[in-house]
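As written, the chain order gives the labels A, B, C, D and E, with residue 1 at the start of each chain.
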Amino acid sequence: MVENARSLNFATGLILLIGMAYILGPLYLTLTTASHSYEFMLRNGLAWYPGDQLVANMARVFTETRIPVQMLNSFLVALGNAAATCILSVLSAYALVYFRVRWAGVAFALILATIMLPLEIRVITTYQVASNVFSPLNALLDVTGLNDLIAQIAGVPLHLEWSVLNTHFGLIAPLVAHGTGTFLFRQFFRTLPADLFKAARMDGAGPIRFLFDIILPLSRTSFAALFVLTFLSGWTQYLWPLVGASTPDMQTAVVGLARLVPDAEGTVPDFPMVMAGAVIVSIIPLVMIALLQRYLVQGLVLSEK
Amino acid sequence: MSSDSNLFSNRWLPVLLVAPFMLLIAVFFYAPVFQAFYWSFFLEQPFGGGSIFVGWENFARVLSDSEFWEAAWRTIIFMVTASSLAVAVPLILAVAADRKIHMSLPARNVLVWPKGVAGASIGVVFAFIFNPFVGVLAPLNNSFPGIWAPGIDGTDAFITLVAAHVWGGIPFNFVIILAGLQSIPRTMHQAAAMDGAGPWRRIFDVQLPLIMPQLFLTLVLEFTESVTSAFALIDTITDGGPGGATTLLVYKIYVDGFSGYDLSGASTQTAILMVFVIILTAAQFLFLGRRINYER
Amino acid sequence: MNAIDTAIRAAAADINLAGVTKAYDPQTIVIPPIDVELKAGEFTVVLGPSGCGKSTLLQMIAGLERVSAGKIVIGGREVQDLEPKQRGCAMVFQNYALYPHMTVFENMAYSLKVAGLAKVERAERVAGVAKMLGLSDCLSRKPGQLSGGQRQRVAIGRAIVREPGVLLFDEPLSNLDAQLRHDMRVELAELHRRIGATTVFVTHDQMEAMTLADRILILNRGRIEQFDTPKAIYHHPASVFVARFIGAPPMNILPVTADGSALCLADGQVVAETPLTGSFQLGIRPEDIVTNGNGAGRILKAMLRFREDLGSHSVLAADLAGSVIRVATPFGVDTADQPELSLNFPPSRLHLFDAETGRVMADALGA
Amino acid sequence: MNAIDTAIRAAAADINLAGVTKAYDPQTIVIPPIDVELKAGEFTVVLGPSGCGKSTLLQMIAGLERVSAGKIVIGGREVQDLEPKQRGCAMVFQNYALYPHMTVFENMAYSLKVAGLAKVERAERVAGVAKMLGLSDCLSRKPGQLSGGQRQRVAIGRAIVREPGVLLFDEPLSNLDAQLRHDMRVELAELHRRIGATTVFVTHDQMEAMTLADRILILNRGRIEQFDTPKAIYHHPASVFVARFIGAPPMNILPVTADGSALCLADGQVVAETPLTGSFQLGIRPEDIVTNGNGAGRILKAMLRFREDLGSHSVLAADLAGSVIRVATPFGVDTADQPELSLNFPPSRLHLFDAETGRVMADALGA
Amino acid sequence: ADIEFWYGNTGNVETAIKAECDAFNAAQSKHHVTCVGQGSYEVSMQKAIAAYRSHNYPVLIQFFDAGTLDLMLSDAVVPVQDILPDVKWNSYIAGARAYYETSGGKLFSQPYNASTLLFYTNKTELEKAGIAKIPTTWEEVIDAARKLKAAGHACPFVTDGDTWRVLEQFSARHGLPIASKHNGYDGLDAEYVLNTTFAAKHLTNLVEWRKEGLVKLNADTKAGNYTAAFNAGECAMMEGSSGSYAASAKAFEGKYEITVGMAPMYQGYERHNTLVGGASIYVMKGRDQSEVDGAKAFLDFLRQPEQQMALTAATGYVPVTNDVLDAIAKSGEGNSTKYATAAIGIKSMNQPRTEDSRGIRLGFYVQFREVFMEETQKAFAGEQTMQAALDRAKARGDELLRRFEKTYKGVKLP
């Protein structure tokens, strides 16, 4: 920057300091509370300084709650969400950018529209659909009258049923039905020089080879960014896992954590344990951010164009 | 773009490539959306025993329901206050972190951390931290009893939600805005400095106008993000209370549909909300999007 | 097997374009029907202003762009409907278009790999080409770790490793700085001598065109203005367009009128004798004008406006009959700084063009 | 009010750099202490290879970069600790750095607005400058809607609208194509004549330097190699560095030894007489070499390697005593294509440099 | 057969339910039951609905009282009495039966974790404040509260203002209707009347008492929750479900003495029965006979006195068949605190009955509970008067009823 005025730097530093305090404050209080005993909390409330019960509280989270197995669910959901989103997005974006198809615009609009209506808005009916994935098909068969035909031929109308509720697939699929990844990759592909495509064609590469030999290796950073983003988003989901999984053993850790509070009806919630749970539940994504922050930033930068 | 030199001409391969994703969004996005609109024209028995077509009656009822409008109004207030804060705070921080001082490196890192903390976890934590008896504001309450009572006072509950939302919303917006700021060429600052503009003036004359695309993006995304985050926060901090003071539309839909098993009512509200969001997003694109399309 | 063969080895081939036309959309015809014959092994430079269709032409030969009409025959085969890889052409792109994630070796070997050539053979061929291009030491580096010149060479290596019958270059030097550009030019010339592929080289830099080409094809809005050797194009431009386009500073063009005996400038000064009548455009190169009035031809009076001293020579700008002309003084000659100049236009150096069409009037000037 | 004054109007001012030093970090000194005096109204071109510190020097004058040590005096005021806007300098950036969100008018008026000038006055001044630069028609357009040359002019307009005492240019023409570059060069020269501000112009294009500069400052790794008029720099380069840097093709440099009487090439051929002894570097410009052995000085034998015909002249590359030298034949001269060349190195055109330091040996050659 | 059973409870109740499931599986080998907790009554119900719609549901589901009408009209369940015709259903106490039977007197579901509203005191604290007699009327409760407050007690009486506690149970035992048509028992065209009965006065009193510092709500307590506040000794008196007795007793152990009694009455009002709360188990329609057999076996198992006693001991839920009280008496632990709620609970539910204290049979009642809470909370926060809140609750509630009526057009109450 141009000026180096001391007062300016001081003000800037102060703003950043306040910002960091705002971010770190709750995290710090979470940690300190998690490091005291339940009795200490009952007596003193919020803990301003660390205690020595952190390990003990964490151990209790592991022995007394379902959070360990729920962490596994979270991990599977996050991983599944990330992997499926990356793969499906890259394929669809590739098809839309690198092929001469007349319907590309329509397809892209259809995909883009999914960004506008978050799952939280349409959760009721998504739940209904998830309870029978074939219901749209059934409805289609009924409406078009095809089912009458089928009923005449086969004797009974076709009515397929497949509930994905309370399955890992069911937890993941509605999260993947989201266009951000396709959008991101499309933007990225469009920044790749057109000559690269020409060069590959001159070298004799067809669409599949071009995808695997050129596009995929070049998309590594975008891939990583999207992967981190969708992993985090899968991990931190709340509403869908809350309704999509009916048993605690299928629920994700975030839901389990939120459940720890009302679970303790009749007693003051065991906040130290809840906070220890919060720490445990956030540790994987936080480590991920710390390690992959670079990709995250690059990925988000891309999405801006 | 229409030229063949840039494109493959295979006919079925692209269909094959898009098909899995299209199928997925057809089933898990469009079918539910369609279902919501469909149900909003019926009175649907919860256990599926039967349904009665009622035309626009559901809409008429919802739209004349003062509860719906209050929830809608609260939603708008939340979106406006929480979303604008969730963009403004990161904006200020990003402008600060864009200056090369010692603090900016750790800040750039730390400010991204909340991205890893789930909305529901934030909720659990903030519920405790803002607890009127044991939380950070307890001393205040000791001196002025009842001054901070999110369990009783709707405004206090609302403030807690906003504070939590902003906390969780900082990273994403911060990163995008910072990226925008950093993509402003150094010479642009130098040119403005030569033109006599100080740092403060440059923020408004150069930096802000130039990161309009990023700001626009954050605003659009923040919009849907606030819906998502709001649900988790409400469900973990306030349960929509006290007295419905924090019942935003998303939460109301969930409660009506899931606790009240009023599928038609919930669907109708969903449908209205969808139309509202679509109109708003379209408006954003039309009014904001158009003005910021200049080349660098 | 035939596919592999043309993909990775072909003899230098003739290229014939017959009535080749290109329109990206029906309204705008980028290239009206053109016919060109390029001889096997010849080095053709395609020169023209931006947007005239050079790249389009090249890409049609390469198969990256479909022809709207017409035939392309390479080495006797009609290829306009074939895929790029079946045409036996290789191409070097303006910004190289190297695969950034592959090493130099992988970049060069990629086409061979796609064609299914065995690993050992691939390695051998790449090694050979790398040696020829002085790239042996950087085979395992990625393009990002190379200098501009090296990248350029990798791009060329990638093209010639396939031993193509036709080598296409689309402004391959335009991203390099002046020094490197000069060096690469020399390298390219030598390379062509060695591998002998029919070469089509697109540029808008006339220096490149002059020094590299066997023949230069000058395009103007998709039409061929002239297709001839560099010398012929320099000394006998077929049109005002060519005359202006080649040479720096460009040829001076002055409106003249002829009355059947003399060729007059706008202010009446007589430049030369001529049997013609009518209006024309007169061309003379800045370096052909003799200052100080002691050359052949009549003396013309001009007013000096300013001079640029370029060390090796100076360029004077002068007003002559209402037009500004440029005069290059040969190096060594120091012109005194007086405003009035006496100039000679040696008749043998004069070019006369039709005022309407801009085409040259053959043998129109006596002397 | 004084602030406004220097911000928007100043007389052409001397610039004195005394012991100015720059180190971005303590290890790497980008500019060792240098002293320069630029006269008021003078047009100084700073020339040097990439990374030599040209931009850094300019930015220190502008106040965009702090000096590590030393004093900068502009128009008698010590300015090294002042803010950019207090120095009365204006600057044109390489990529123009126009504000993309402002119209051309707003771009040009911005500094006036910041300085608090009234609206009417702003409009007046901008209108004046716009007219001078031929921009009157595009005042309400955004930079994105302008051509390269127009953007360039807006950048200049933005700088001169403040009527600065000092005008700084950082490679303002490097993004333009050759034709436009040439035109802008002419425009700039005229502009300078008109507004008369002390001008510092950074470039690495010697053509620009030669044609624009009153004096050229040649930088090499932050050090001043030579600071003199273009002519002096071309004809009397102070070092091998300068000699090689100026002129295209560059001066030929050959290692020579002197035995107190004769100056010999590596293969023993005598080039000239000399009273010196020791090893030196001999320089001669390609265009100073006379071919066909009929010029002044001794005849040297060289082998032709290849020739490039540039139309206006040809450049020959030849082997001489183990080095490759370039010879430019004046236009009009057609050399026969024989491999053996007889060359004259006219003694008056020879430059002798110290083998170690590369500095010129003044008056070292008889003749 | 392998069968599944869904329930909504959490905490120590959930532990007790799981124990019963394990006991069933251990007791015989013909069937195996998997018991799945859904987190809450409301969520459990919604999940059941969606599961039923997708034909992917368990044979046994526990539903709470508020869902009774929805289930009766759902056509999704088979009345237990049809499936198990041989069971002596009239051994169920009338108070429990009334809520879950059809107009024809047929039990629709098997009462399971039955609760009712009780009055809890922290005897130790009351005595400290000089209150010797456990209050039985609201007047006494408030009197005691004043004393407690005077003695420096921060939280004399606590409630969460929940619909079930402050409206349903209050109205029932005071013989007041909350809706016409005997709370909907006589037809879908009922209307709310809660804003016109004495309940309105009581609720207004609560607002006043809260202002005075005698009554506290969840959010007024440090513990954040009324039972937790009572259990921790923060509050001295509370009205609560019998289902939370075990937890309270355990929390008091060694610190305080606890009492439970029937919920307080206003002087001058005759005491009527309190309603059965908690939840009952339904057999879902359309499952295989083998599953139904498993379901029958499990229901039979749960009905056994020993099982009911175990649940009571572990949680405080009230046994609801007449034979259990005898069994408790026979066990010789009749006076043990772990069965403290059994006798008092049954006694409370067996008080004289009116047509308005049978139960609640109103449509979209779960949503109405939300409405009631929302409006009264606003009244407690001072944003509107309690009367206004109740008026609004009635208006919004009637709206729900009309819609329900329309949704089930042509359907008859069974």
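The rule is simple: a residue touches a chain if its C-beta (ideal position, glycine included) is under 8 Å from a C-beta of that chain, and two chains touch if they have at least 3 such contacts.
Because the structure is predicted, anything quoted here is derived from the model rather than measured.
*Asks:* Using the touch definition up top, find the fewest steps from chain D to chain E.
*Replies:* 2
*Asks:* By count of C-beta pairs in contact, what is the leading chain pair?
*Replies:* So the chains sharing the most C-beta contacts are A-B.
*Asks:* Express in whole angstrom the distance between the two chain centres, defined as the mean CA positions of chain A and chain B.
*Replies:* 15
*Asks:* Approximately how many whole Å separate the CA-defined centres of chain A and chain D?
*Replies:* So the centroids are 57 Å from each other.
*Asks:* Using mean CA coordinates as chain centres, what's the chain A-chain E distance in Å?
*Replies:* Chain A and chain E have C-alpha centres separated by 39 Å.
*Asks:* Would you please write down the residue numbers of chain D that are in contact with two or more other chains?
*Replies:* As it turns out, chain D has residues touching two or more other chains at 64, 83-84.
*Asks:* What positions in chain E touch 2 or more of the other chains?
*Replies:* Residues 43, 46, 53, 222, 224 of chain E touch two or more partner chains.
*Asks:* Mark out which residues of chain A touch at least two other chains, giving numbers and ranges.
*Replies:* In chain A, residues 2-3, 128, 135, 198, 243 touch at least two other chains, as defined above.
*Asks:* Could you list, by residue number, the parts of chain E that touch chain B in their complex?
*Replies:* Residues in contact with chain B: 42-43, 45-46, 49, 52-53, 70, 73-76, 217-222, 224, 364, 366-367, 370, 373-378, 380-381, 383, 396, 399, 403, 406-409.
*Asks:* Residues of chain A touching chain B in their complex?
*Replies:* Per the touch definition, chain A meets chain B at residues 1-3, 5, 8-9, 12-13, 15-17, 19-20, 22-24, 26-27, 29-30, 33, 41, 44-46, 88-89, 91-92, 94-96, 98-101, 104, 107, 110-111, 114-126, 128-130, 133, 135-136, 173-174, 176-179, 182, 194, 197-198, 206-208, 210, 232, 235-239, 242-243, 254-255, 257-258, 260-261, 271, 274-275, 278, 281-282, 285-286, 288-290, 293, 296-297, 300-301, 303-305.
*Asks:* Please output the residues of chain A touching chain C within their complex, sorted ascending.
*Replies:* Within the complex, chain A touches chain C at residues 193, 195-196, 198-205, 209, 213-214, 217-218, 220.
*Asks:* Under the touch definition given earlier, write down the residues of chain B that touch chain E in their complex.
*Replies:* Interface residues on chain B, with respect to chain E: 43-49, 52, 54, 61, 65, 67, 131-134, 149-154, 240-244, 247, 255-262, 264-265.
*Asks:* Would you mind writing out the residues of chain A in touch with chain E in their complex?
*Replies:* By the definition above, chain A touches chain E via 42, 127-128, 131-132, 135, 161, 163, 165, 243, 246-248, 259, 262-269.
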